[in-house]
Amino acid sequence: MSFDLLSVENLRVRFHLDKGTVEAVRGISFRMGREKLGIVGESGSGKSMTGRAILRLVQKPGSVTADAIRFNGRSGSRDLLTASPAEMQAIRGGQISMVMQDPKFSLNPVMTVGKQIAEAYRIHRKVGRTEARERAIAMLKAVRIRDPEAVFNRYPHEVSGGMGQRIMIAMMLIPDPDLLIADEPTSALDVTVQTQVLAIIDDLVTERGMGLILISHDLNLVASFCDRVLVMYGGRIVEECRAKDLHAATHPYTRGLLAALPTIDAPPGDLQVLTRDPAWMHA
Amino acid sequence: MTLISRAWLLAETPQSRRQAALGQAYLGWLAFQRNPIGMAGLAIILALIVVSALSPILMPFDPIAADTANRLRPPSGTHWFGTDELGRDILSRLIAGAPITLMIVVLVAVLVAPVGLAIGCIAGYYGGWIDRVLMRITDVFMAFPRLILALALVAVLKPGLENAILAIAVTGWPPYARMARAETLTIRQSDYIAAMRQLGASDARIILFHVVPMCLSSLIVRVTLDMAGVILTAAGLGFLGLGAQPPLPEWGAMISTGRRFLLDQWWVGTFPGLAICIVSLGFNLLGDGLREVLDPKQR
Amino acid sequence: MTQPSLALEVQDLDVRFGSTHAVRGVSFTVSDGESFGIVGESGCGKTTVLRCLAGLNTKWSGTIRLAGQVRSHHRDLAAARLAQMVFQDPYGSLHPRHTVDRVLAEVCQIHGLDDVEGRIDRVLRQVGLGPSFRFRYPHQLSGGQRQRVAIARALILQPRILLLDEPTSALDVSVQAEILNLFRRLRREFGLTLVLVTHNLAVVTNLCDRLVVMHTGRVVEALDAEVLRTGTPQEAYTRQLLAASRGYDRSTLAAAEALEMGL
């Protein structure tokens, strides 16, 4: 696989606050192809900020710097760092989409879900209303909603959490992006629904040849779902490995996290507590 | 005796209840201090308080005694703001009016805020029929325009400063009740209230110690912002002759007399008007500054 | 007659909210000193059961006995001293304007306990927070420290039963391990009975001896944690939950969808 879909070099996110500057992401570099890349870490590790920084969605007082954020979509290569706000607008949603944790806050409550999906399509493709509607219904079918015509006319409060997240995915994928960034897309869902939603993402990524960045705190989920994993700690990437090798990780932080995680099969007993080494901040 | 120092106030690990509370207050003050608008408002209100406290010393002339030989003199070296139709020094009357304005503001705040807070918190906490009854009463009061209702009340009671304050207070509480109820509705859902309930705390304790403190900050902001309106209403009642009675140097009543001379002797009505304007502005600016410190939603 | 060794006895617990039947005839017992789990997905009624036990839900029918005493439907100080609850979100369960000291002192005040100073000191030590935390506000504490304060608030009454509502699901993995270890230590030191509500099967097998699985307001299956560990539950729903909890596995999908159709 070639790692040329997205290459990030020396990405930094800083927040300029009254008490001084806080660095949320401290000079990370990675490359990815059309694969499923997982970013894991605890709260404050900078994993969510990384996702937002790629789409330049970091708000003031935060600022993003990098040597380059090179994105090679079907419509050519671009440095996202130097793209104009208008270009970014076209890229967001059109070529790179983002799915957030809770669909309740991401959907417009006073518009039917079908209309929102059709709208998302019409922003990026010049088509008529009827065609957009047909595409939206086809997309709802693709995320395995059983009665897409009925769901099309529902309002966000009339759908369950799992269905809401499928609708979000439909909306994000309808313009056929090259890269999907999913920030804890299933954390608000029950485990059984989680499997269904992930299977949908899995199929779509494979069928359409998309790249996926899955940001999550859940080591098991990332290890079992992704191809490759970046482990973040204190705004840095401390470890990079193939997902199926995550349980044989070498960095003491990753090892500590795995040891602290309770597992169903383990006998009851005290869990190992993570002792943080200040050196990890500079590793 | 612990020396109160900056480091002591900002300590990460306070050693006593007093240190923790003072530390929080100091942090709030530091945040407030950074807001120049709020500081300007505070300066105006502090000036009003100082002038009120020292008014007998600061007055260059007697604000009540008539001096008909000197009536309607324009501003000059001796009478900075001129004199009125009875020859009284306008500056002295403004200074003598400061404590009256301050008294109106303080009394209205003391009467209105607790009533509104109590009604709103009780209605919001219990819900059900208690909420419905209390809120319908609130609606009845809110249905009337405030000044008209105050006018009617004063007319029934007897014109005078005390009754004007009472009328303003009676008409003033409903918005606070509404606001406190809205806040209580979200607060009562929170886990920290549930935690107190399952610990066995009584409803009175929960409302008083847990709900009220959370409503307090937005209430203080709202009261401060409303003070401009209170001063204007009091002045309006004074202007209509239903508030402070002559010869009391209330600012609204002063404008009312100045109206007759507005075209030829502009200073009689203008200076009290400016005083009302500046003090109202001061309260508004202070309220804005407080909002940024106290109201977490604005951050 | 109720056996004295039962810490908790729930019989035919039934809860309705308007037209929704949230809990439908749930019964179980928990022995003294046992650690018991209630597992299920969102909306299955597990939290509602716990809130009835804690006295936060007053509209239920059935019988609840805490240490042999029948729980009333009203504010019940005796019940509060027997069973105390720890909430899911440590950011929401502490009053934002009260210091740790104030939170703990108020509990003593409500129950008229003496030696407030000594109790606060001891309970802070028991949950692994030194006296330096005593006069801090919640916003000066991390998520794990807040949860420890919430546990201290429950412990200061020296209850026999701790009711835990997803106590670690808002915490990071490394902090979760510390809190789970703390519960295990408290249980050992004070002989506490734990009732843990969670959706996380790994947390349940780590902490609990026995559990019930709930679905749509009913108990689907009652089993030993050992059964989960060996992967041999009887009910299809429990098996599906177990499979989904082990991480992403496509092969579980067909079975899950078949079950969903059937339910």
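All chains are identified by letter, namely A, B and C, in their written order; residue positions are counted from 1 within each chain.
Simple rule for what comes next: a contact is a pair of C-beta atoms (placed from the backbone, for glycine too) under 8 Å apart; a residue touches a chain by one contact, two chains touch by 3 or more.
This structure is a prediction, so every number in the text was calculated from the model and none was measured.
Farthest chain from subunit A (centres taken as the mean of C-alpha atoms): B. Across the two interfaces under comparison, B-C and A-C, the one joined by more C-beta contacts turns out to be A-C. In this assembly, the C-alpha centroid of subunit A lies 51 Å from the C-alpha centroid of subunit B.
Computed from the mean C-alpha positions, the centre of subunit B lies at a distance of 48 Å from the centre of subunit C. Centre-to-centre separation between subunit A and subunit C, using Cα means, comes to 32 Å. Subunit C has no residue in contact with two or more other chains. Interface residues of subunit B facing subunit C in the complex, by the touch rule stated above, are 12-17, 19-20, 24, 190-192, 194-202, 205, 209-210, 213-214.
Interface of subunit C with subunit A (complex): residues 41-42, 143, 172-174, 176-178, 180-181, 184, 199-203, 205-209, 225, 228-229, 240-242, 244-250, 252-253, 256-257, 260.
Considering their complex, residues 54-56, 75-77, 80-81, 84-85, 87-89, 92-97, 99, 101-102, 106-107, 110-111, 132-133, 135-137, 140, 150, 153, 157 of subunit C touch subunit B. On subunit A, the positions that touch subunit C within their shared complex are 42-43, 161, 190-192, 194-196, 198-199, 202, 217, 219-221, 223-225, 256-257, 260-274.
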